[in-house]
Structure formats: structure tokens, C-alpha cells
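What follows is a pair of complexes built around subunit A, which joins subunit B in one and subunit C in the other.
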Partner chain A sequence: MRVVLEQLTKKFGDVAAVRELDLEMRSGEFVALLGPSGCGKTTTLLMVAGIYRPTSGAILFGDRRVDHLHPKDRGIGMVFQSYALYPHMTVAENIGFPLELRRAIGKPERDQRVREAAGRVEIDDLLDRRPSQLSGGQQQRVALARALVKRPDILLLDEPLSNLDARLRHDMRGEIKRLQKEIGITSIFVTHDQLEALTMADRVAVMRNGRLQAYATPDELYARPRNRFVAEFIGTPPMNFFPAELGSRNGSVVARAEGIEVELTRAQLPRGEARQATMGVRPEHLSIVSPADGNVTGEVYVVEPMGREQIVDVQVGERRLRVIAPPGFTGRIGDRVGLRVAAERLHFFDPTSGERLS
Partner chain B sequence: MARIEEITLPRERPTPARWRFNATALLFMGPAMVLVLVFFIAPVIITFAMSFTDLATSTGLSNWQWIGPENYARIFRSQFWLPILGNTLVYVAVVLAFNVIVGLGVALLSVHMEPKAGGVFRALWLLPRISPSVVYALMWTWAAASPPFGMLNYVVAPFGLEPRYWIQSDPWLIVIFINGFVGASFGMLILTSAIKAIPEDLFRAAQVDGASALQVIRRITLPLIKWPILFVLVYQTMSLFASYEYIYLTTNGGPGLFATETWSLWAFHSALSNYYGNLEFAYGAALAAILVIMGLGISMVLLRVFRFGQLVAEPRVEVE
Partner chain C sequence: MATVVAPVPGRSRWLVLMPYVVLALATLPILVLYVWLFYSSFFPRVEGFRPIGDLTFDNWRFLWDPASVPQMRNRPPVIPLTVNTLLFATLTSLISLLVSSMAGYAFSRLRFKGRRVFLGGVLLLHSFPSVTLLIALFVVLRTLGLYDKLVGVILVQTAFALPFGIWIMKGFFDNIPWDLEMSALVDGAGRLRTWWRIMLPLVKPGLLALGILLFVEGWNQFLLPFVFMPSGSQQTLSTLVRGILGEGRFVDYGLLTAVGLYYIAPVLVLFVLAQDQLMRIYAGGVKG
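Right after this comes the complex of A and B.
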């Protein structure tokens, strides 16, 4: 089922939680709503679910406008951040609840579908328990089964992984993604964790202060962030930024910043006549070399080993740059090092508007 | 090599330390225990003891005697004990139902309203409770005054009802309404906060699952506030058995001989407000003792009906 949000706005009193949001999801697509706390993700999801009424704008499922419909008439399944399992019902009763409310489905079919849904998320052996007798991960599976049992057209997930421990989160990430593809259900997934969004979603909508910042595939968000906010929000550790001046030399455009001077590739050439820019470079696109070989030299400020790699902060003039170094790197605090910049991986943003220049 | 069967686990020995006199604990509990003893247990014992004497104004505090169960015998010899018991049961049952149903209804309505309107609505229902009993009762006697006065007569006039002196013509109606409206606020307060303690997500989930507003109430709200409802039921039963002040202030057990007299009012009349000026404290104490036993009995039945043990074993409201 295709989902379209048109100029969707929600105000609580004077506060606009979501502003003029335009978003289109293809049938079967897995879309993540990503953004920092309070940016309006849950509000957006609750409007799609029909729990909040939009202040203005439209919501379409397929070609049908649904913003006047009660949640029960929208054909959605939803997993809440708190899981929202009914404490007075067993697991089987929880999962069967959406079916029980529909007169058309008899008891035998209901039982059969409850077992089927439970089997899908591998909780068949827990059907007689109460939610209070389950672990967080098991509760989460019950919530998933309950959301899927009525075979909805659209699945909504509000931070489904944030209450799980790191290990389980990783496992469930893969399972939810697989389940979504298996069923082929259009899904909207809310998260504030960029790693979750990037690893699970087909497309990611980045939000900030109720506004859409970018809507693109994970690859694109990473490779060509549309503005500085997205560039900083996507990727760990975050991108390094510094002010740069753009000038020309021998007919090509060069950027100068902090003693670094690099020639821009054609893809990086700014539209228009920008002279000032904010230059961004990801830690993984800087490498530590001997002081003589680098585009710039600096001093090791701190080294954080992470096992597979090390994060090294290097003081360059007034600025501290984050660099990812291989585990073999043996520099110590205070060492002088050179930094080599992968010129083709530099990003340039307008210093005032923050928009991408190229 | 030892076989598995041969391994004996050290048996857990009873721990006498647990039962040892714990002076510190007693020190902390002491003040509360004294209060409970003086204000809760002692009055019950004194009431029971007094019911086996002939203490009254005529005997004074010096001339009374133990007379055994004579007071009880006298109660059951009286031609009024059965009608009064009937009155009491009707009064408790009907007012209890009114209190709990209206209290629950107001609680449900008010939480589904816009928050400010809900607050005002609840405050209105609280008015009878926060106004002094005498003022509240007086308002009712005025409202139900004899024609051509009485606001009630004006209210019912459009429905084609004849004006009348309600306290005389329909005393039970007045007794039930005056107690019902004041008592409903108790259930309303307890149940409102109980409903508000249910995580919002449960209601949202139920809506997404396809429940209508009524189904949400029946399938989610009510089961989750079973425990507070039971509490309100038991508490109100006890207090209704013991309460008489609004009846006293309106019909005073009348009209006529004991038409709306309840057991507690009978005890009050006998012990503290006798027509003949001879206040029969001991007789009143016997009546009160029976009241205590009735209250306990009914509460126990209620707890059994609602399977109390199962209720407390079960978690009440839990997030996640």
C-alpha cells in the first residue's frame, strides 16, 4: 500500500510539532523516520495511525484519503515503544485481541492465526504467559505478532528497539528487516538511532524541529548529505567541519581551510559563485600519515581504541579533527602526525543556510 | 565415587532469629501501634463490652450492671428489628450501586473529556462532599420542601409530575439521592486516578487493534481498574452501613414510625437521641456491635465474590 503525506502539519497549541511534511512511500517500502528527540517523529506516526488528527494537510493510503478515519478503519498494525501489551491478558489473548474485535473471524480461525503469527516471531511456547512474565525481547515479539495478526496494509513501529539491550537490538534489527521483506508490508519505522535507520530502511526521512531535512536512501544520505544537519547527524563519529575559502587556480576550483588546499572534482563544484563554504570531511576519509606526507599536520590529542579501529582526535591549529585509524596505529598523545584528506570525499555547504553547495 | 543419589543437600533449618524479639522494630512501630490500639481496637472492645451491661442515663456511670445478652434478646424481641434490617439492606444496596455506578460513570466521562472541562466536571461532583454535611442536607430539605416551595417541584414540573412534599411522599427517593450524590464523589476520585494511571499507549494500541470507544472501556479500562473498583465497593459498603447523618438530617428515620430508619440510625437514636430522654448507651452498643458484624460479613462476601486473593496476586497496572 502506497502512503502519501501531503503538507502534513500538527500543532499543539502554539507549538508546531510537525510542519508541512511531504513524504511518499512506495508500496512495500521500509521507511525510517529519523531525527533527534522531540523532532516530531512520534507525532507523525500517530497521525498516520489516526490517533492524532492533523491540524492541516492530508494522508493518503493508496489513492484514498484517510485523515478522517478512525484508527480501526485504517488497516494498520502498530508496535509501540512501550510495547503496550495488555497486562490482564495472556500472550495468546493479546495477539488474538485485534481478531476478537472483528466479528467475522471465528474462534478456530482466530486460534490458527494467533499460532501462525506467534510462530513467525518464534514465541509459540509463550502463549499462556502474561506480559509481566516475559523478558523485554519476548514482549517485543508479542507486540510484533499482535501488530501483524490482522494482516494490516501498513505496519508502524515507534522506536521498537530502544528498550532492548545492545545485543538483542542487533538481532531484532535483522529480524524485523527480514520479516518486513518476507511479508512485503509497507512499514514506517521511527528511530532516533541513525545506525538503525541506515541498516534497516530502504529510505530514510531525516527530521528536525518538525521539518523534513532529507529523504533518501541510506547510501545517498551518507554519500551526498543534502545539508549540514544531515551530514552531521548521519555517520559515527560525526563529520568534521571547518570553514573554507573557495578560489580558482589554473582554471580549476580549490578550497583552502586550515592550511589544507585541495582541488575540487567536477562533482563537487558549487553551483553559483560561492566564495565561502563550510567544508566537511568524515573521520573515515581522513588518514594518518607521517607529518611530511599529509595535507596538513597536527598533534594527537587523544586515542580511543575500539577494537576493529581506533578513533584519533588530532589537534590542527584551533580545531580538533576526528580521524579513524587502523588498529595498527601506534601514535600516542602529543605525537605530531600528518593528515591526508580524500579530496573526492569532501563535502561543501553554504556557511549560512547550511545547504549543500554542489 | 559418590553416586548422585548419595549427595544430600543441607536441609534448611528454621531460623529462630526471625522470631526473636526485635526491640528496634518495636520502637519504630510502637507509636503507630499505640494509636491503632487506642483509636481502633479499644472502641470496638468497649462497644462489645458495653453491650452486655445496662448502662443508660438512668443508671449513670456508677449504678450499671452486667446483664448478659439481655440487650441482644431485647433487640430481637422488638417488632422493628426485621423492617429496620430490611431498610438497612435496601439502603446500602441501592446507595452503593448508585455511588459506584455514578462514580465510575463520572470518572469515565471526565477522563474522556477535554482535560480542563473534565476537571470542572469533576469539581462539580465534588461539591456535595466538600460542603458541610448540614449545609448539604439543608439544601436538599429546601429543594424537596413542600409545595408551593421546593426547587425539585419546579424541576419535575415539565415532566408532568404533580408537585408534592417529597420528604413525606417519597422519603426513600430523597434518602437515596442525598447519599448517592455525596458518595459518588469518592468512587469518582479513586477511579479517575486509577484510569489516569493506565498508560496512554494501552488505549492507543486498543484503538489501532480495532476497538471502539465502548470496547476500549469494556476490554481495557474496566479490567485494569478491577482492584480500585473492589476497593471502592468494600469501603463504601462499610461506610454506608455505619452512616446515618444525611438520613438523620432529612427524614430522621420517618415519616411515621421507622419508615426510613436504618440500623445505624436506630443505634444512634437509642444511644444518643432518645425521645424519652433516657439514653440507652448499652442498648445502642449492642445495636452497633451487630452493625460491625454485618459490615464485616458483607465485606467478606464481596471479597470472596471478587476473588480477592487472585486480584492481589496479579499485578495491577504495569507499564511494558
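Right after this comes the complex of A and C.
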């Protein structure tokens, strides 16, 4: 089922939680709503679910406007952040509750479908327990089964992984993604964790203060962030930024910042006549070389080994740049090193508006 | 939370026992009174704490042979009075429960115009002494033709019970996370079904506790039945007790203790049976 949000706005009193949101999801697509706390992700989801009525704007499922339909008439399944399992019902009753409300489905079919849904998320052996007798991970599976049992057209997930420990989170990430693809259900997934969004979603909508900042595939968000906020929010450790001056040399454009001087490729050339820019470079696109070989030299400020790699902070003039170094790097604090910049991976943003320049 | 109290053996034992000692001392007089009440009802006379005469069931005659008890002669028989009292207490608590649980839900969950005013009003009504309203109520009941009828008093008692009930139920509903309700809506339930299938089961401890309190309140209610049902046939047990007590020249204490015991026994039993539920009225919450 295709989902379209048009100029969707929600105000709570004077506070606009969501502003003029335009979003279009293809049938079967897995879309993540990503943004910092309080940016309006849950509000958006609850409007799609029909719990909140939009202040203005439209919601379409397929070609049908649904924004004045009751939640029960929208054909959605939802997993809440708290899972919202009914404490007084067993797991089986919880999963069966959405079907209980449908006249057309008799008891035998209901039991059959409850078992089927439970089987999908591998909790067949827990059907007689109460939610209070389940672990967080198991509760989450129950919530998933309950959301899916009525075979909805759209699945909504509000931070489904945030209550799980790191290990389980990783497992469930893969599992939810697989489940979504298996069923082929259009899904919207809310998270504040960029890694979750990048790893699970087909497309990611980045929000901030109720506004859409970017809507693109994970690859594109990473490779060509639309503005500085997105560039900073996507990727760990975060991108390094510094002010740069754009000038020309021998007919080509060069950027100069903190003693770094790089020649820009055609694709990077800024539109218009910008002279000032904020230059951004990801830690993984800087490499540590001998002082003579680098675009710039600096001093090792601190080294954080991470096992597979090390994060090295290098002091360059006034600024500290974060660099990812291979595990073999043996520099110590205070060592002089050179930094090589992957010029084709530089990003330029307007210093005032933060918009991408190229 | 039992945090680590100083691990001095002698002293900590005292600290643990202290509350029990204090409580036991404080409860002792009440306990003694109950015991006294109990055995006085089985003796012809009691002077101080010393029973006079032989063990007898004479005082309890009002149950099986009311005609032989002078004080009972001009009164309705005990069994219909008991039935009335039971009806009165049961109906007031049931009606109050129904209304409180719906109103409490509305106050807790719906944002309607005038909500704050209503809430304030409910609280104000709760602190209103019922005596001050007697005359106004008399006029209302008379006008409606409900004066001197059990139904009328049931309605009045229910009205007095509602503010407390609504307030308590609102508190219980407030404790239920919004998510549960939203989830029920998304699962396809309407408002009414959500209330019935999800919300009500979760406030069951509150309903039980409130129901018991209201029942006891109805059972003990004296003023309203006394004032609004003067002519007898529909009176309740409390008016009988008061009648025997106020019989003029001399009071038959033996009879009074027996009737009194008969009157409070159901309440005592109820309290013992429902202790756990009652405790929860101050500790509401969602737990499976």
C-alpha cells in the first residue's frame, strides 16, 4: 500500500510538532523516520495511525484519503515503544485481540492465525504466559505478532529496539528487516539511532524540529547529505567541519582551510559564486600518513582503540579532526603526523543556510 | 525499601519490634471493646467487665421471636430490615461504581470543555457535609414523589458517594499508560470496547476496593434512611439500632449488644475477606 503525506502539520497549542511534512512511500517500502528527540517522529506516526488528527494536510493510503478515518478503519498494525501489551491478557489473548474485534473471523481461525503469527516471531512456546513473565525481547516479539496478526496493509514501529540491550538490538534489527521483506508490508519505522535507520530502511526521512531535512536512500544520505544537519547526524563518528575559502588556481577551483588546500573535482564545484563554505570530511576519509606526505600536519591529541579500528583525534591548528586509523597505527599522544584528505569525498555547505553547495 | 539499618544486633531487633508494640497498644482498647460486645450479648447483664448470670441466648431472641421482645413490638421485623439494608448498600455501591468508573475514565482521558470546572466541582461536593443539604433534598424528594421510599434514599446516597468514587477511579485510570489505549484503538477497538476490555480490567483492584468501601458506607448509613424514610417498612438496620438505643426510660443493653453485633458482623467479615483489595486503593497501578 502506497502512503502519501501531504503538507502534514500538527500543532499542540502553539507548539508545532510537525510542520508541512511531504513524504511519499512506495508500496512495500521500509521507511525510517530519523531525528533527534522531540523532532516530531512519534507525532507523525500517530497521525498516520489515526490517533492524532492532523491540524492540516492530508494522509493518503493508496489513492484514498484517510486522515479522518478512525484508527480501526485504516488497516494498520503498530508496535509501540513500550510494546503496550495488555497486562491482564495472556500472550495468546494479546495477539488474538485484534482478531477478536472482527466478526467474520471465528474462534478456530483466530487460534490458527495467532499460532501462525507467533510462529513467525518464534514465540509459539510462550502463548500461555502473561506479559509480566516475559523478557523485553520476548515482549517485543509479542508486540510484533499482535501488530501483524490482522494482516494490515501498513506496519508502524515506534522505536521498537530502544528498550533492548545492544546485543539483542543487533539481532532484532536483522530480524525485523527480514520479516518486513518477507511479508512485503509497507512499513514506517521511527528511530533516533542513525545506525538503525541506515541498516534497516530502504529510505530514510531525516527530521528536525518538525521539518523534513532530507528523504533519501541510506547510501545517498551518507554520500551526499543535503545539508549540514544531515551530514552531522548521519555517520559515526560524526563528520569534521571547518570553514573554508574557495578560490581558483590555474583555472581550477581549490578549497583552502586550516592549511589544507585541495583541488575540487567537477562534481564538487559549488553552484554559483560562493567564496566561503563550510567544508566537511568524514573521519573515514582522512588518513594518517608521515608528516611529509600529508595535505596538512598535526599533532595526535588522543587515540581511542575500537578493536577493528582506532579513532584518532588530531590537533590541526585551532581545530581537532577526528580520523579513523587502522588497528596497526601506533602513534602516541603528541606525535606529529600528516593527514591525507580524500579530496573527492569532501562536502561543502553554505556557511549560513547550511545547504549543500554542489 | 529496607536499606541497611545499623547492624548492631540488639538495637536493630528493638527497632523492628517498636512499631508493633506501639500499634498493639493503640489497638488494644478497640479490641477489648469488641470482645466485650461479643460476650455481653450472651449474658443477661454485664457490670463493668464482669458478666452477671448464666450464659444465655435470650438477647438474640429478636431474631426468631421478636414478639416477645418489648422493644421490637412496634418495629418492622429484622429480616426485611436486613434485606432493605442489603439492597440499599448493594445498589448504592453498584450504581456508584458504574457511574464513577465511566466518569473517572472521562475525566482521566477525554479533554472536553469544562473539564476543570467539573473536576473542581466534584472535589467541592466531596467536602460538602451532607447534613447541610437535608432540607433541600427533602424538597427534591417530595417533589419527585420519592420521599419515604427506598429508591429515593438510594439515589441520594449514590449522589453523595459519587464525588469520592469519581476521584478515586480517575486516579486509577490516570495510572494506565496512554500507549495501552492507543494500542487498543489501533488494534481495532472502539472507545467503548477499549474501556470495557482494556481499561476496566486494569482498574479492577480499584473497582473492588471502592465497591467494598461504598458497600460498607451504605451499610452503616444512618442519617439518610432515618430522615428520608420515617414510616418504617423500608427502614434499615441502622435505624433499628438507633431506635433501641433511644427507647426512653431504660435501655436493654443485652439486646442492644446483640443487635449491634448482628449489625456489624457482615461488615467485619467483609473487611477480613477483602483486606488485600482495600490495601490497593492507595497503591493503584497496572500489574498483571
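Just so it is clear, the second predicted complex is superposed on the first by the 358 of 358 C-alpha atoms of A that agree within 3 Å, B and C clash if a C-alpha of one lies under 4 Å from a C-alpha of the other, contacts with A are read in each partner's own complex, and residues count from 1 in each chain.
The rule we apply is simple: a contact is a pair of C-beta atoms (placed from the backbone, for glycine too) under 8 Å apart; a residue touches a chain by one contact, two chains touch by 3 or more.
The structure presented is a predicted model; accordingly, all values stated were derived computationally and were not measured.
The superposed arrangement places subunit B and subunit C in clashing positions on subunit A.
Looking at the shared chain after the overlay, A:Gly77 reaches both subunit B and subunit C.
Using the contact criterion defined above for the overlaid structures, shared-chain residue A:Asn163 touches subunit B, although it does not reach subunit C. In the superposition on chain A, contact of A:Val230 is made with neither subunit B nor subunit C. Using the contact criterion defined above for the overlaid structures, shared-chain residue A:Ile324 touches neither subunit B nor subunit C, since it reaches no partner. Contact with neither subunit B nor subunit C is seen for A:Ala197 once the two complexes are overlaid on the shared chain. In the superposition on chain A, A:Gln139 makes contact with subunit B only, not with subunit C. In the superposed model, A:Leu101 lies in contact with both subunit B and subunit C. Applying the stated touch rule to the two superposed structures, the overlap between the subunit B and subunit C interfaces on subunit A comprises residues 46, 49-51, 70-72, 76-78, 80-82, 84, 86-88, 97-98, 101-102, 130-132, 146, 150. On the side of subunit A, the complex with subunit C involves touching residues 46, 49-51, 70-72, 76-78, 80-82, 84, 86-88, 97-98, 101-102, 130-132, 146, 150, 156. Subunit B meets subunit A in the complex at residues 199, 201-202, 204-212, 215, 219-220, 223-224, 314-315, 317-320. Across the interface of their complex, subunit B is touched by residues 46, 49-51, 70-72, 76-78, 80-88, 97-98, 101-102, 130-132, 136, 139, 146-147, 150, 163 of subunit A. On subunit C, the positions that touch subunit A within their shared complex are 177, 179-180, 182-190, 193, 197-198, 201-202, 204, 286-288.
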